[in-house]
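Below, chain A partners chain B and then partners chain C, in two separate complexes.
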Partner chain A sequence: MKIVGVAACTSGIAHTYIAREKVMKAAQSLGYEIHMETQGTIGTENELTPAQIEAADFVLLVVDIKIGGRERFAGKKVVEVPTNTAIKAPTKLLQAVVDKLQAS
Partner chain B sequence: MAIDMNSFEISKVITPELISIDLQATTKVAAIEELTDLLVAHGDVIDRQGFIDDVMYRETEGMTGLGQGVAIPHGKSKAVKNTTLAIGISQHAIGWEALDDEPVTVVILFAVKDTDANTLHIKLLQKVAILLADDSFIERLHHIETKAELMDLLAKEPEEG
Partner chain C sequence: MQLKKHAMTAISYMLPLVVAAGLLIAIGNLTGGSQITNFKNGYSIPSALTTLGVWGMGLLAPVISAAIAYSIADRPGIAPGLLSGIISYNIGAGFLGGMLGGFLTGWLVAFLVKYIKVPKWAEGLVPMMIIPLLSSLIMGILMFFVVGQPIVWATNALTSFLNSMQGSARFAFGAILGGMAAFDFGGPVNKVASLFADGLLLEGVKQPEAVKILASMVPPFGVTLSWVLSKLFKHKIYTQEEEDNIKVAFPMGIVMITEGVIPLAAVDLIRMVVACSIGAAVGGGLSMTWGVESPVPSGGLFIVPAMNKPLLFLVALVIGSVVTGLILFAWKKVPSKTDEKLETGEPEEDINLDDIQIS
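Our next item is the complex of A and B:
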């Protein structure tokens, strides 16, 4: 399973980075390949490349606000959740998305 | 060498004066006020009430209790002179809106300057945020007994995810 995602929270100070870290760890422990961009108060970091987006099975937006560059994901399967969902239960979140994807 | 550089950087935003390992507050508001007092005394916040108002406003936008007994209230505010953080560890539980519905004993108050051009300081806060995603870090945080132990723990380089 290949995943790309974006994390962004209201103030772009803390939750963005905690959420990214939690999701990355959970994905890696499940054996998935993941790339996560952050859009925080100091701008975009770990920006996704077109190749990463192209190869992804789905896009995971862990966001509390409107993000920039959403048009990059046109035509992809996009799942959007608040940062708190990803912080609280990242593994459960990923498994639920993957289960649903595989069932469809 | 890399480790020395790192602890040097962390000490730019977190100093022992901004740590309380015996927080007296018993409520969320009182904890935010008590930590704000440390920031004011250290000269990092210039308008006490203005900063508290901004932090409380952020509280209305979503819960800042991360679960596992840790809360991260934060304010991006004109009242902040230097981007930094204050840390309070309490010997008693403090009620807080948290992802696991449990009270907290560790409160990390992020103070971010409204128009911060100093990326370095924000990167250091980011590093602390990343550490908070690590269960073993949280576990150690709950066993801190001295300010020096806390400073050492924070100087740890997060494992890149």
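Our next item is the complex of A and C:
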């Protein structure tokens, strides 16, 4: 399973990065390949490359606010959740998404 | 309708502006500046800083309104959103008017974009002329004649009510605001309290802002204090991992980021929430009672010198933190061996993931 994602929270200084780390760790423990971009108050970091997006099975948006560059994900399967969900239960979140994808 | 997401987007765009403008005013005022009224007579650097800060504060309603409209309707929302916001600022409907104006503008623009159909040769005119003109015209008339006035009255009523509060009412207000701000460590309840305080700051009511700042720092300081007590009295209440988290939470607390406490609250929610809310409520009540005002909405200990009563603020902060620290020290259980083990597996909360939508 290959995943790309974006994390962005309201103040853009804490939750964004906590969420990124939690999701990355959870994905790695499940054996998935993942790339996560952050859109914090400082701007975009770890920007996703077109190749990474192209190769991904789905896009995971861990966001509380409107993000930039959403058109990059046109035609991909997109899942959007608040940062809180990803911080509280990252592994369960990823498993739930993957289960749904495989069921459909 | 995603009201919350749009409002949060606006706040995320607004925060750096509020901080910059607030600090400029504070630095200008502290160095003897005042707002410049006549530019022909020459002016000092401090006065220039204060003036810039005041202008920056004036930009808040337009920025909020534009950001909400952008969040709803994307790029076409920005121009009419700025205009709705500047009306709000100038007629005195301030922050609330900016928010309402932003939502109305966003919905209107999204509606226009969807339903305006023109012949092929005129398609270029839609984004360049038709939508900006129509949306600004409609929103302008709405804001001037319909939406603005009731908000001006509501804002004035709220401001004068808060300014007229005395004695125990002031303490109760500060305690509720402080308790709310600390309740969920930067979550939705905290954001409601902090939105309220930020809104009042724009109306010139600066005391709730001091309460908010205090309440954001009480949880990390209180927790740190309880840990220091546990070391002093050799009464272990934190696991090794929690101790590591406290060492991170404390410096975050200095710059007013409460979120460092979350890992600690996650494993002992009720005790942490109760202790932190009570401490912040006590501190907040004292801060309101003593009339501590903060002209800056964010920045932690570094902006204390900009407050009108820095010493009293620190006293209230210390009292609140001590209350939280003592409650935690007395109430928290000695961690058992199994607790130490469980944590390395990082337990996750059970949340309902059934309604996840894949699009």
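Here is the rule we use: the second predicted complex is superposed on the first by the 104 of 104 C-alpha atoms of A that agree within 3 Å, B and C clash if a C-alpha of one lies under 4 Å from a C-alpha of the other, contacts with A are read in each partner's own complex, and residues count from 1 in each chain.
Basically, a residue touches a chain if its C-beta (ideal position, glycine included) is under 8 Å from a C-beta of that chain, and two chains touch if they have at least 3 such contacts.
Nothing here was measured: the structure is a model prediction, and the numbers come from that model.
Once the complexes are laid over each other on chain A, chain B and chain C cannot both fit and instead clash. Legend: residue contacts after superposition of the two complexes on their common chain; A:41 is shown touching both chain B and chain C. In the superposed pair of complexes, A:18 makes contact with chain B and with chain C alike.
With both complexes placed on chain A, chain A has more residues touched by C than by the other of chain B and chain C. Legend: residue contacts after superposition of the two complexes on their common chain; A:88 is shown touching both chain B and chain C.
When the two complexes are overlaid on their common chain A, residue A:28 makes contact with chain B while staying clear of chain C. Once the two complexes are laid over each other on the shared chain, residue contacts for A:1 go to neither chain B nor chain C.
By the touch criterion stated above, A:65 is placed in contact with chain C alone, chain B being left untouched.
In the superposition on chain A, A:10 makes contact with both chain B and chain C.
Taken together, the two complexes place residues 10-11, 13-15, 18, 41, 64, 84, 87-88 of chain A in contact with chain B and also with chain C.
Chain B contributes residues 58, 61-63, 66-67, 72, 74, 76, 99-100, 110, 112, 116, 119, 122-123, 125-126, 129-130, 132-134, 158, 161 to its touches with chain A in the complex.
Interface residues of chain A facing chain C in the complex, by the touch rule stated above, are 8-15, 18, 41, 58, 64-66, 77-81, 84-85, 87-93, 96-97, 100-101, 104.
Per the touch definition, chain A reaches chain B in the complex via residues 10-11, 13-18, 20-22, 24-25, 28, 40-42, 64, 82, 84, 87-88. Against chain A, the residues of chain C that register as touching in their complex are 5-6, 8-9, 11-12, 15-16, 70-71, 186-187, 191, 252, 257, 259, 262, 266, 348-351, 353, 356-359.
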